[in-house]
Amino acid sequence: MAESRPRVGLFVTCLVDLIRPSVGFAAVKLLEQAGCDVSVPRAQTCCGQPAYNSGDRADTKAIAEQVIAAFAGYDYVVAPSGSCASMIKKHYPGLFADDPPLRAKAEELAARTHELVSFLADVRGVEAVESSFSGAVTYHDSCSGLRELGVEAQPRKLLDSVPGVEIREMEESNVCCGFGGTFCVKYPDISNKMVTNKAGFIAASGADTLLAGDLGCLMNMAGKLQRQGVPVKARHVAEVLADMADRPAIGEPGQAGDPAGGAG
Amino acid sequence: MSEARPNGSKGQIMAALRRSLKREQPAPEERRLLEERLAQPRAGLIPARGQRDHAAQLDLLEEMLTELSATVARLDDAAEVPQAVADYLKSENLPPRLRLAPREDLRVLPWDSQPLLEVTEGSAQETDPTAVTGAFAGIAETGTLVMASGAEAPITLNFLPENHIVVLRASDVVGAYEEAWTRLRARFGNGTMPRAVNMITGPSRTGDIEQTILLGAHGPRRLHVLLIEDAEQPAAAD
Amino acid sequence: MLQSSSPAFKENARAALADQTLQKALGNVKAGFIGKRAKARARLPEFEDLRDAARDIKNHTLANLDFYLERYEEKVLASGGQVHWAATAEEARNAILTICRDAGAKVVTKGKSMISEEIGLNAHLEEAGLDVVETDLGEYIIQLRHETPSHIIAPAVHLTKDQVEADFRHHHDELPADRSLVEPEQLVAEARQMLRHRYLEADVGITGANFLVAETGTSIIVTNEGNGDLTQCLPKVHIVIASLEKVVPNLEDATTILRVLARSATGQELSAYTTFSTGPRRPEDLDGPEQYHVILLDNGRSQMLGGEFQDMLRCIRCGACMNHCPVYHAVGGHAYGWVYPGPMGAVLTPSLIGVDEAGHLPNASTFCGRCESVCPMRIPLPRMMRHWREREFERHLSPKAVRFGLAFWAFFARRPALYHRLLGLKMRVLGALGRAQGRFNALPFAGGWTKHRDFPAPQGKTFQQLWAERQKGGAGS
């Protein structure tokens, strides 16, 4: 029995690690429920996107090599982020175009790397999750997950399996929220316009909870909703799917309690 | 040799292109393939929509034209054209005056049967309210009319008057653009085009003011197609 | 070439965001294009395959651009036309002015051409005393306003109808004050009437080209208004200005690309007028121009060929990328500061005017990828914007603060043990500070963020710390 359990290396992502570890524990819980053995390599920091998108190829490659080494040997690498998963899956191989041995390693890693929710639905064949929730949610499609990895139907399907969840689609759910990594601090006025539009659509959906698969986008949208005083709570979709939506939402006051509680 | 041309920097540009392509000339085998590609054009992917049977093509052509705010009247015989033109002008409250393309098959129609119609031939003049022309082909896939310029088809008729009536024979209707090119080559020769080929897909339109689509920006406001159902006859010279 | 204000992109963007009239007009971009394209795409099952085919045709052509351009020229000459090769904008402008002078021209009508904007043609001809009349409705409006296009297919998309009415009332001397111009229909009719006699009095007509066909020496333009046709069939001289990469081998190749062009641009099945022009009037013709000239412009394209920006030469100028770009929606086209706005401009502009000048443009993107997902020619626009960022980084053109911050971050990101120790501590402090509010509305070094939105307080310990505790026999394991 134990032999058939795939070994999953969790790519925590830097934002989950630092800001909202409970998302990482929700991911662990979902992966274990889906029959996986989860490990968390200590030698991970970040996928390298801040350097990659700033044109700093040397640092990007150094970080990518570190990730390739840290995640060698797992059957799968799973990240609770479409953006970071896509960085590894779609962009790492291109970094080593002129270094065939490393390129082969990057391609091999890319082939076993997945975004969390699509991994559960598409690779592990999860049809329903063990969770319950009470409320109307609206789901924002983060750009990389949607357009580079095709994450669109999977989160909605799994959310539909949770008793008590009502999905209210917002207008333009597939349009960028204006986060864009360093974009939001390099071009704050444009980013603000984009997230203001997004907050308007979220509020108009009538949902009381905003969900998405990427913490960066969620922090951006939650921060705007809170600045505007809109009482919509923001959570990573994994928290609802893992039945861990009982702790304070992103940016909400209160004791975090045990972020790991309920996992494992 | 080409460097000596008075008209510009051909030599310099070609040299830059060759540097970028990292070659002086295509290799002989490559060149043969390129020549072949030019000399024997092959159709690419043709949408299924353009490959229906002929009756369905006529229906599709009409459907697409109607959707574009053009109008279509089907006639059994070309001899009905003068009556149909007169009826159309009357129904649209337009002056009974038209400029006719100097095309033999239009010229011989019984225009005398419409004594109130003032018919003159030639290229379009500024004051002409309506043009009546033939068409080289109709293309069902998008409801497109193809005009090939020449002695019988002055192109100003397609654009200058506010109203354009096109006499289109069903035997000239094809499914897809590529079939029209095949017919063009058959008529004018491979690698040769009439001076102007105008594909017309509906009346003139613009969206330049607040993206509101409006008809009759500069070209014709009205496009009316008289479709002559001569399908069982063999295709005419065109 | 046209002067750029691209270095002032940030200031341009700020002004655009504060301009309420502009913001109202920009709403029309989303409303006018996105749904229509989606509908046209859904209606043609072969659309995605046609995108692949269109990409392959252009790739083949670019790989043999030398061959096809020479063949194209031969065919133009054989049909009685003339070809003028112009390496630079200046050469192109001068060639056009010479043709106009030789024709004794006073009035020149023009169809919409982005290449003419790129080479700054109107100013050059006007300085030489010619009366230049833009005939595309949008171009006509912005010519009255002394503006540049803000969109490559909808040049006046940044204006509201009230602004157009005011412009017509200001410039059309014979317009009675009591004539209503409230409805767009009335504005279109007014422009039609004004431009009618200009077509007829023009000595030279200038158009762009969407395609050049090597097989036949034909130039193709795609329009909806019919202005391009009146511009080229009434005057005695027709001048086509086209950049090198517009050439395709056969009519069939042009056809395949035409099937994706209008659908991607305006959501039409085909534009109202697709016009194929081959040489001057023939002896038997009753109308048409007596002279037919093609200006073939390089202006940097030959340098893009064979390099990492070659894919950009596939662009067919449909505008789908900007129609779907949230940054373009926010700031409009003028903020980009030069001829080509939006994602295609962010890639092309640095190639044509230099990345020193246009450095902001490839940075002002979230890499959301919506442009690439709708590009009919499958141009990897985000990837090429990233290439530009790499060039800027290599050449130390990125802002100092960014480079310093990045170096600081990368130092730790490359040292996991140090990273976890340091940030583990920092998050615990931040978490403790923010717990009561749950978030911060101001943070040192994060002003760009907290100016507009709150920053969530970290939960406290990092995931790695908690995971280590759990592995040692803590909660849950």
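Chains here go by letter, A, B and C, matching the order in which they are written, and residues are numbered from 1 within each.
We take it that a residue touches a chain if its C-beta (ideal position, glycine included) is under 8 Å from a C-beta of that chain, and two chains touch if they have at least 3 such contacts.
What you see is a predicted model; the values in this text were computed from it and never measured.
In this assembly, the chain whose C-alpha centre lies farthest from chain B is A. Chain C has its Cα centroid nearest to the centroid of all protein Cα atoms in the structure. Our note on geometry: chain A versus chain B, Cα centroid distance of 54 Å, whole angstroms.
Per-chain CA centroids place chain B at a distance of 29 Å from chain C. Per-chain Cα centroids separate chain A from chain C by 33 Å.
The touching residues of chain C, counted against chain B in their complex, run 25, 28-29, 31-33, 44-46, 49-50, 53, 57, 63-71, 73, 75, 79, 82-87, 91, 95, 135-138, 141, 154-157, 160-161, 164, 184-185, 187-189, 191-192, 195-197, 199-200, 214-218, 224-227, 229-230, 233-234, 244, 249-253, 255-256, 258-259, 266, 268-282, 284-288, 296, 298, 302-307. Within the complex formed with chain C, the chain A residues making contact are 12, 14, 16-22, 24-25, 40, 42-46, 48, 50-57, 59, 62-63, 66, 70, 143-144, 147-148, 174-176, 178-195, 197, 219-220, 222-224, 226-227, 248, 250-256, 258-264.
For chain B in complex with chain C, the residues that touch the partner chain are 5, 7-10, 12-14, 16-23, 25-26, 30-31, 34, 37-38, 41-45, 47-49, 64, 68, 102, 122-124, 126, 141-144, 149-151, 154-156, 158-160, 177-178, 181, 184, 191-212, 214, 216-220.
For chain C in complex with chain A, the touching residues are 10, 13-14, 17, 326-327, 330-331, 363-370, 372-373, 386, 388-394, 398, 402, 406, 409-410, 412-414, 416, 419-420, 423, 427, 431, 435-439, 441, 446, 448-449, 451-464, 466-470, 474-477.
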